[in-house]
Amino acid sequence: MSSSDIFIGETIGTAVLILLGGGVVAAVVLKRSKAQNAGWLAITFGWGFAVMTAVYMTGALSGAHLNPAVTLGIAIKDNDWGNVPVYFAGQLLGAMIGAVLVWLAYYGQFRAHLTDPEVIGEPIDEKAIEGPHDESASAAGPVLGVFSTGPEIRNVWQNLATEIIGTLVLVLAVLTQGLNDSGKGLGPVGGLMVALVVVGIGLSLGGPTGYAINPARDLGPRIVHALLPLPNKGGSDWSYSWIPIAGPLVGAALAAGIYNLAFA
Amino acid sequence: MSSSDIFIGETIGTAVLILLGGGVVAAVVLKRSKAQNAGWLAITFGWGFAVMTAVYMTGALSGAHLNPAVTLGIAIKDNDWGNVPVYFAGQLLGAMIGAVLVWLAYYGQFRAHLTDPEVIGEPIDEKAIEGPHDESASAAGPVLGVFSTGPEIRNVWQNLATEIIGTLVLVLAVLTQGLNDSGKGLGPVGGLMVALVVVGIGLSLGGPTGYAINPARDLGPRIVHALLPLPNKGGSDWSYSWIPIAGPLVGAALAAGIYNLAFA
Amino acid sequence: MSSSDIFIGETIGTAVLILLGGGVVAAVVLKRSKAQNAGWLAITFGWGFAVMTAVYMTGALSGAHLNPAVTLGIAIKDNDWGNVPVYFAGQLLGAMIGAVLVWLAYYGQFRAHLTDPEVIGEPIDEKAIEGPHDESASAAGPVLGVFSTGPEIRNVWQNLATEIIGTLVLVLAVLTQGLNDSGKGLGPVGGLMVALVVVGIGLSLGGPTGYAINPARDLGPRIVHALLPLPNKGGSDWSYSWIPIAGPLVGAALAAGIYNLAFA
Amino acid sequence: MSSSDIFIGETIGTAVLILLGGGVVAAVVLKRSKAQNAGWLAITFGWGFAVMTAVYMTGALSGAHLNPAVTLGIAIKDNDWGNVPVYFAGQLLGAMIGAVLVWLAYYGQFRAHLTDPEVIGEPIDEKAIEGPHDESASAAGPVLGVFSTGPEIRNVWQNLATEIIGTLVLVLAVLTQGLNDSGKGLGPVGGLMVALVVVGIGLSLGGPTGYAINPARDLGPRIVHALLPLPNKGGSDWSYSWIPIAGPLVGAALAAGIYNLAFA
């Protein structure tokens, strides 16, 4: 597995992951979408099949980590850090490309949603750290939610804990499945399993923070949100942005530790 | 794989695909159906299991392309165009047969829906290219939706882009899975995977245009809609009909290009 | 595969099928159930996993037909009629046992539903062949629906056609899968596939008649409905009962014919 | 398979099972969760993917029973009781750990739910054995439901019967699948199958009692509910607590008996 294959695989795979994952949020929350109000189950299955599709496509190319937390967990387990920067770079670039593709596919829906006088409200007050994150109060909240995660209740310690626990489950599932030899890819059944684990984490642990469980999945699209020329888009909630990076990395390290203690 | 097997396999397979795919839309949108208002998740799973069932049945016979975009993608990848016309012919014929079977299975529901005074409205104004495609404004909108796709917001460039992106994901997934040797069929697990990829595309990219991602799936039933003796059925929206043909073919060509550059 | 294994396997398997299949309808329609109003998607997945569980358990014992239409289709395909009566007997007995188990598991819910003054209405008028089958008009309608199917619109020809088409899809999927050698069982992945085909048929073709697609599934529980001491239970709608027997058998014969012509 | 591997595997596996299983109930019922009111289908799929994830992780370590009823069924079938106490201990400890993790992940949601003046009501009256268990009458009902099961209609015999029937289906499915040699683990496809059987049991037999079908799943979290410092949490409904222990054990014994009579 060459560095170039890893970079290409992670870029394409993470782009597909975010295209389909951000896409399902756009489909469910934006106005003038056939899937509007399709509900939480639709969102969690959408993200799961996004994982499955992306793993399926790129497993043979890069091992389909598609997530810096997975890369970190595998690196700790194997104590092999050689390709980590290549993985990270591909994942962040892919996440940004995927977010741009969501914007293309839902171009009219974004415009309709943000300029419809019925839904225009105040942009998110980034200083309101404690207190309800009432997404329905403005059209900007759901739009940011297409790109990045945000908590229902802002509480640094709980938000971190939820992201740590969710990622711990994901990475422990990936490690125990045994990427038979690191970076060999998961095979079709393995991809389905990981996908359904992600659906399960979304259903069970997504309620408080929207389950980033993947730093690239959150940071890449947040950067794109900040750059895109969307009218009335509001702030990109940078004050929260470190939690979906730090939480997943801590969770992955814990998973690798549990793996080495209990399973190796 | 003889031409005759290909033709029979694609005809039967695409007929089953459209019978079950159009059927789930009929089940969810028509009056006097037990599944009325079962929601978008039901529609996307219904189409996915339609793909699975059809692939499952006809994979050994014709390779189960069931979609001119898939046929095009495979032809470009392999640079083998010999059976392309046979595939296309079977797919279009099968799609028309499937649409007639939906009409048979939901005969009473179509009549109840179209003649119920509460839901009779104006037929679709085919000249209203720009502007809302408000399906709830007449009973004819949902009925056409059982047969063919239509956009929520009419915008040629966005509608094309959404169909291109959705088909690109589908065809790239099919190509990377490796139809081990072209036309050998997908096997049972492969059929499930492709089915869930289609569910995922529906959930994530179906919001703007209803995800045709298959020219035969849209054109065949639209012809049947134009021919069937349905009362108050309204127009068949021919002005839109080229987009779900052109978009998927462009998407498939792009997928084959990406495959040949990055994966071959 | 001995006659005794076949009889035991089909009895246990069909009992589990109807216990879980009738159970999900009870769960969704009866008052005082945690799943009340869980929707059509829940019903179709519930029936699908009922098929999967039953096939999974009894595939090695009897081949897990669990459905006279499947038995008929396989008998025509193989022109082997030796065990057909044993299959039929086990299937009918199993379906009756399953229906009694649903009554036990939902004993209090049946009583609450049928004696609650808010929902007691008129029993079904069995002579109202043409016209709406308005289940919400009485508490007896949903209770019969836990046991047997009934059409939304009573029209002999359409109701027959819908059952024929649905069973044709099911039996053709079973035959093309190749019960490798008749009665050898489907294996775990095969059971899942058939289950998801059944979910698909339910989603796509269940709207008009509730998709019996299995004579034993409809007749056995209807007999139990007629015998059980349920208060205010209304009639068992015997005038409709021949359609979910005749339709599936015709559909199975057509599937076997298509199989022998196109796939053999 | 050493006793220590069994203990560690069952502890980790049951902790993951309850974390994700209790988590999905918290996600759907508590205020200020993104998944609030996601419905019964979300709950049943959430529990199913919880089983899949946990089996997937720990199958190779302990055979992934994760349920005293499964352990009992296998012990009767094999007449091998050596490790039963180790299994039971790991399962109970794991269930308690999982329940504490749910509380951590949903810390703010529990507080918001229980102290919001709109939802504070009377704690459950533990003496009201017969009569409606109206969870919506107080905020405490749903909170206990995150931890343990409770019946919609309190009736000892029906509640026992429902738990017996549900567990019989589960354990018979596990036994007939053949844990090829006892304690060898289920493999990835086997884990998915068992998961979908559990979704099926939830959809079909969960309506009356909430389908404990696992003594550790109910008792462990109930102990944690009694110990946690939750404001206004109400009683832990100990008068019901023996039913989700006795019912599943009886069901498992019946399943082992049926297995030995009909399948062995």
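By letter and in written order, the chains are A, B, C and D; residue numbering begins at 1 in each of them.
The rule is simple: contacts are C-beta pairs under 8 Å (C-beta built on N, C-alpha and C of every residue); 3 or more make two chains touch, one makes a residue touch a chain.
For reference, the UniProt names are A, B, C, D = MIP/aquaporin family protein.
Since the model is a prediction, treat every value here as computed from it, not as a measurement.
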Chain labels contacting chain C (MIP/aquaporin family protein) and also chain D (MIP/aquaporin family protein): none
Proportion of interface numbers common to chain A (MIP/aquaporin family protein) and chain B (MIP/aquaporin family protein) (over half same, under half different): different
Between chain B (MIP/aquaporin family protein) and its twin chain C (MIP/aquaporin family protein), rotation from the CA superposition, multiple of 5 degrees: 90
Mean-CA-position distance for chain D (MIP/aquaporin family protein) and chain A (MIP/aquaporin family protein) (Å): 29
Separation of chain A (MIP/aquaporin family protein) from chain C (MIP/aquaporin family protein), taking each centre as the mean of its C-alpha atoms, in whole Å: 41
Multi-chain contact sites of chain A (MIP/aquaporin family protein), meaning residues that touch two or more partners: 39, 41, 189, 192
Listing of all chain pairs that touch each other, if any do: A-B, A-D, B-C, C-D
Touch list for chain A (MIP/aquaporin family protein) against partner chain B (MIP/aquaporin family protein), complex: 8, 12, 16, 19-21, 23-24, 26-27, 30, 32-36, 38-39, 41-42, 45-46, 48-50, 52-53, 56-58, 60-61, 101, 104-109, 112, 188-189, 191-192, 195
Touching residues on chain A (MIP/aquaporin family protein), where the partner in the complex is chain D (MIP/aquaporin family protein): 39-41, 44, 132, 152-153, 155, 158, 161-162, 165-166, 169, 172-173, 176-177, 189-190, 192-193, 196-197, 199-201, 203-208, 210, 258, 262-263
